[in-house]
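The two complexes that follow have chain A in common; it is paired with chain B in the first and with chain C in the second.
Our next item is the complex of A and B:
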């Protein structure tokens, strides 16, 4: 079917405004192929079923809407965590602010440097999982990213990384338009934790491709926050080998528009994938979690745990799918998406989906939205806890199942502290 | 300590008068019991005093040591020294019992301008109190009342009371759902808190709780009013003859 004229026009307008990287090294071909994928599907439109609840207009526009900088006057997430810092300012790697990139058990390089070479292992991963993730649903913003990204981090994990790698995205320009593409290859039995935080830019397009080999483990904790006006489209594409583990948690506060897509393929038997998110929105906040998990091996486990707290007209979206392919027996799939609406103006839109082609599986899913439990509220207040504090306690209790997905206790405490600070700042 | 004068209360949502002029004075150091048949307004009285939403006071006053309770938020009433042990303690998934209690204790101390308890001080205090009520550390760690048996929930209420050290304690049908052993344990917990600076208002259907928590004064409530007041013998009269005789007598 020919692409609608409107889509073609929008796509070409966006591409014309982009400075596509000049041809060099192995990345040239990957970028060209991604460009072709993008031209085939066109940028997303509101009429696309996959974008029914989130308007992609500002993500598509040739130029980003300016986003005012904001200083919450509190420490950045993970400040207390012993980690290797990699800093990007408005989407550009900052070697001065970053730590030395060498660490035992792990190789860290800049995408900009590896891409210029003729041969590099990254060639077998860059755009590869993204391309696989374009079917059955296209993800054009990810293809755009592969075609346009010049910066990012390329990680190969060969042992147990002693410290987390912490990607810090600083936002300094009100009109920055950042594109970052990261690669992580976790080799057999290797293990790492990746942290991400910061608003990055006025508009941020990020892709993270993660390939976890047999017995490997990848832990990911992300804090999206601070700036109120930023817009972001992020994608995680992961492929899991036998007995491997992938666990990802995201805390999102503030932000006019955030679309986080997570696409996971369980390709080896006994693999485990957990994706969780806690989002808190006040007023001009639109947050979309879109998850697609494919079970293509036996005895794999997947969990999706997404919780949203919304007030003053904030909007939360959840689109989550579990696809169990023929033969993926003994699949254990779980999905829960819940919203706590603190007033009548806020909105939660959820589309949970199961598609199962194997007969010996356990898959469960649930989606709810509700208000604060007034009985619990009265009980707490009757014990002397003031209304605001009582509400914070109940909000944190509501988010607990998602936060529990963070394995590292120090990191979980850090996330909890960020959450409490945000709640304290947003009492009305 | 607690002074209630001509208290009239209706439901907010519908035109239904529940309390039709309650008068009650509870002095420091005393234990008062309120007995009465279902629907007489006993629980409503406790909720109105604690500040639950959904009720409208149409007339009358309620003061605690002279302070107007009805003007205060529920948390202010608690900080002023009022405590309600719930008939149906509320389950709060996700909030640890210990976290809950520490937040409550420190919120009250803060409201009264006192210094907050440190984690260590709090732990020491709660361990000692919990032991008296046979509450193990497992129960303290669990989410508030979640998965607790009826008896555990009531003991947890008394633990909260012990930790918060209120001056006016209202026990709303604390005996309901308890077997004899659990009731004894709860009663012991209450008796341990009896003090000349503290008063109790024990709401119950049955006399049996009053065998363990000896009241100084017994009130019979019916149709939204206190219809009869007497000594502990009044509770025995209810036990032996039911409410019908008393109600017929005052009608």
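Our next item is the complex of A and C:
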């Protein structure tokens, strides 16, 4: 199908400002192929089915809109967690601020170095899951990332990583346009936790490709930075082997525009994938969770839990899909998306989809939207709880199902503390 | 013996002890495949094949339409030529050659308009008789059980029968006229009640609405027209029965229902077509206008020929149905049982414009063999305190694909509105598909929207229980599926409920074992 002229023009305008990074043969090939994928689909447009609720214009533009720097005046998330820190400033690795990258059971390298080497396992992963994730729904911003990313982290997990790896994204320039591409390969029976936090840049395009081998486990908790003016498009592409586990949780507060896409393929029997998110938005906030889970093996379990609390005209979007391929029997798929609208100006736009080609499955989804339950509020008020506190309590209760998806208690407590602080700051 | 080819005499001998006569009769009635696949041999008059301005003018001329109507059609046709066929639905079918169709087919015997039903060609009357829709002004539709006990007034059903492109006749017209209700074919309404048609036609589904609605606006040949005056409760059920008979002929019916202030009407729609190797096109538009406090129930049993076990033939059914609740406190209820058609593309919708207006949508869609259905609804909440409810049951068997597609939209001004949506899918066999594509758009916080969907298979325990009580597998399945769909079946008027239950069983034939 011929691309619409407007789309082609926008795509070429973006590509004109782009230079393909130099690298080894395999890396150059992967980047060129990604570029070809992008040219085929073109950059996203509002008329595309999966962009009807989110305007991609500022994500597409050749240059980012400047974003004012923001000092949250509080310690960053996960500060109390014993972790291995990897710091990026405006999308560039900062060796000074980072910890020593060596740790038992895990190999960590920079993408820039990996891509320069002629022989590296990364060649079987870089852009591979992203390319698989382009069908049936194109994800052009991810293809753009594969073509353009110069930096990122490349992780191979061979045992049980003793500490989480914590990626910290600092924002120092008002006009930074960061593109990061991370790879994680969890070998058979291995296990790791990846933490991410920070606003990263004025505009941030990030891809994380995760390949979990049989029996492996990957835990992921991210807190997207509090910068009000940042814009971000992130993608997670994951492939799960037999009896492997993938669990991801994202907390988003503030940010003009955030589009988080998660694309998971369950390819081994008895694999488990949980994706969860809690988003709190005030005023100029547009948050979009787009999730696509493909069941291509038997007896797999997937769970999507997304909760949004919106006020003062904030917009929350959820587009989630469970695809059960022929033969993926005994699938257990669950999906819930809920919005709590704290006032009359906010919006919740959802498209929870099921596409099922196997009969012996249990799949369900639910989606609700509404205001704070006045009966519950009345109950709390009648017990002497002040209105503001009562509202916070009810909001936390509403978000609990998503936060419960975080397995590590210390990390879950950290996330909860941040939620409470945000609510306390945003009382009327 | 192969499934679906049960011999009636064998069944007679097979009657087990303890199984009562009634059960046997019911099961026997269910046996056999598509019941309405026969053809009426009747001389037809066709307009030339293909579609162009001349054909549009010809259809308009045949219906003796005024100039404004011809122009209305032509403007739709010109628009249609600029449009592209939509591809977003989860249905796949070979490209339709719109020039390889007849757009107008009329029984020759209808050349001279019959003055009353007594003058209608007996062959046509026999056709409807065979379909169980007698065009005599008798009290009830044939085959309705338990009707004898119902009060006489409640049992009457007025019928408008549409055969290919023309309305054959409308019953009970005089009695309805006494109540002030206008019930006639749309072509007659254009001639007799132009002020009403001109005011409302295209006001709910505009000419430019979508590819198929625009095509319909250009070439619709007949359909039904209903006007219920203020404060009138229509004294009987109204019903339209659509029959496609001629080969390579598309049917494009247009229905317009206007329920004036405080009125009530219940409307039934049925459709069948002969079994053929080639596919046939059906693109209908139904518009309902509801003024203050009006209530309309619209029930459909869609049983177009679904194609054979190999997926050959069948009707391509592209339908645009929409109700506009313009008045405060108006209420519309769509109930549909979709068992036929090779391809179904249909989204009966409600625009809840009036404050406190209500929309309901109850649907059972059953697909078997190679059938594909993409159906659902749109609930557009514009007025305050509006309510909507969606209950959709999709059943997929064989190699069929069944999709629920719906939109619930709460506009900023639709304060304190409610929606509840429940979509359940049942899969029978591992080669079929069941899909759910809901869109939920909430733009105020005083409204509450709830959506639930599940997908499962027929419960083995239930099946085992029924089997252990002596039912064969297909009977057991039909019973379980009827149970699965009961919320929707219960919403149907009595005249349809029985037929629908039987259709559920027939549609699933050959889907087990």
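In this text, the second predicted complex is superposed on the first by the 425 of 428 C-alpha atoms of A that agree within 3 Å, B and C clash if a C-alpha of one lies under 4 Å from a C-alpha of the other, contacts with A are read in each partner's own complex, and residues count from 1 in each chain.
One rule holds for everything that comes next: contacts are C-beta pairs under 8 Å (C-beta built on N, C-alpha and C of every residue); 3 or more make two chains touch, one makes a residue touch a chain.
Computed from a prediction, not measured in an experiment: that's the story for all the values here.
With chain A as the common reference, chain B sits beside chain C without any clash.
Between chain B and chain C, the partner in contact with more residues of chain A is C. By the touch criterion defined above, A:51 lies against neither chain B nor chain C after alignment on the C-alpha atoms of chain A.
In the superposed pair of complexes, A:359 makes contact with chain C only, with no contact to chain B.
Touch criterion not met for A:246: it reaches neither chain B nor chain C.
In the superposed pair of complexes, A:342 makes contact with chain C only, with no contact to chain B.
In the superposition on chain A, A:292 makes contact with neither chain B nor chain C. In the superposition on chain A, A:378 makes contact with chain B only, while chain C stays out of contact range.
Between chain B and chain C in the chain A overlay, the least Cα distance found is 14 Å.
Interface residues of chain A facing chain C in the complex, by the touch rule stated above, are 49, 326-327, 329, 339, 341-371.
Listing the residues of chain B that touch chain A in their complex gives 50-53, 73-75, 77-79, 83-84, 86, 89-90, 92-95, 99-100, 103-105, 107-108, 111, 143, 160, 164.
On the side of chain A, the complex with chain B involves touching residues 373-376, 378-387, 389-390, 393-394, 396-398, 400-401.
Within the complex formed with chain A, the residues of chain C that make contact are 88, 410, 412, 415, 425, 427-457.
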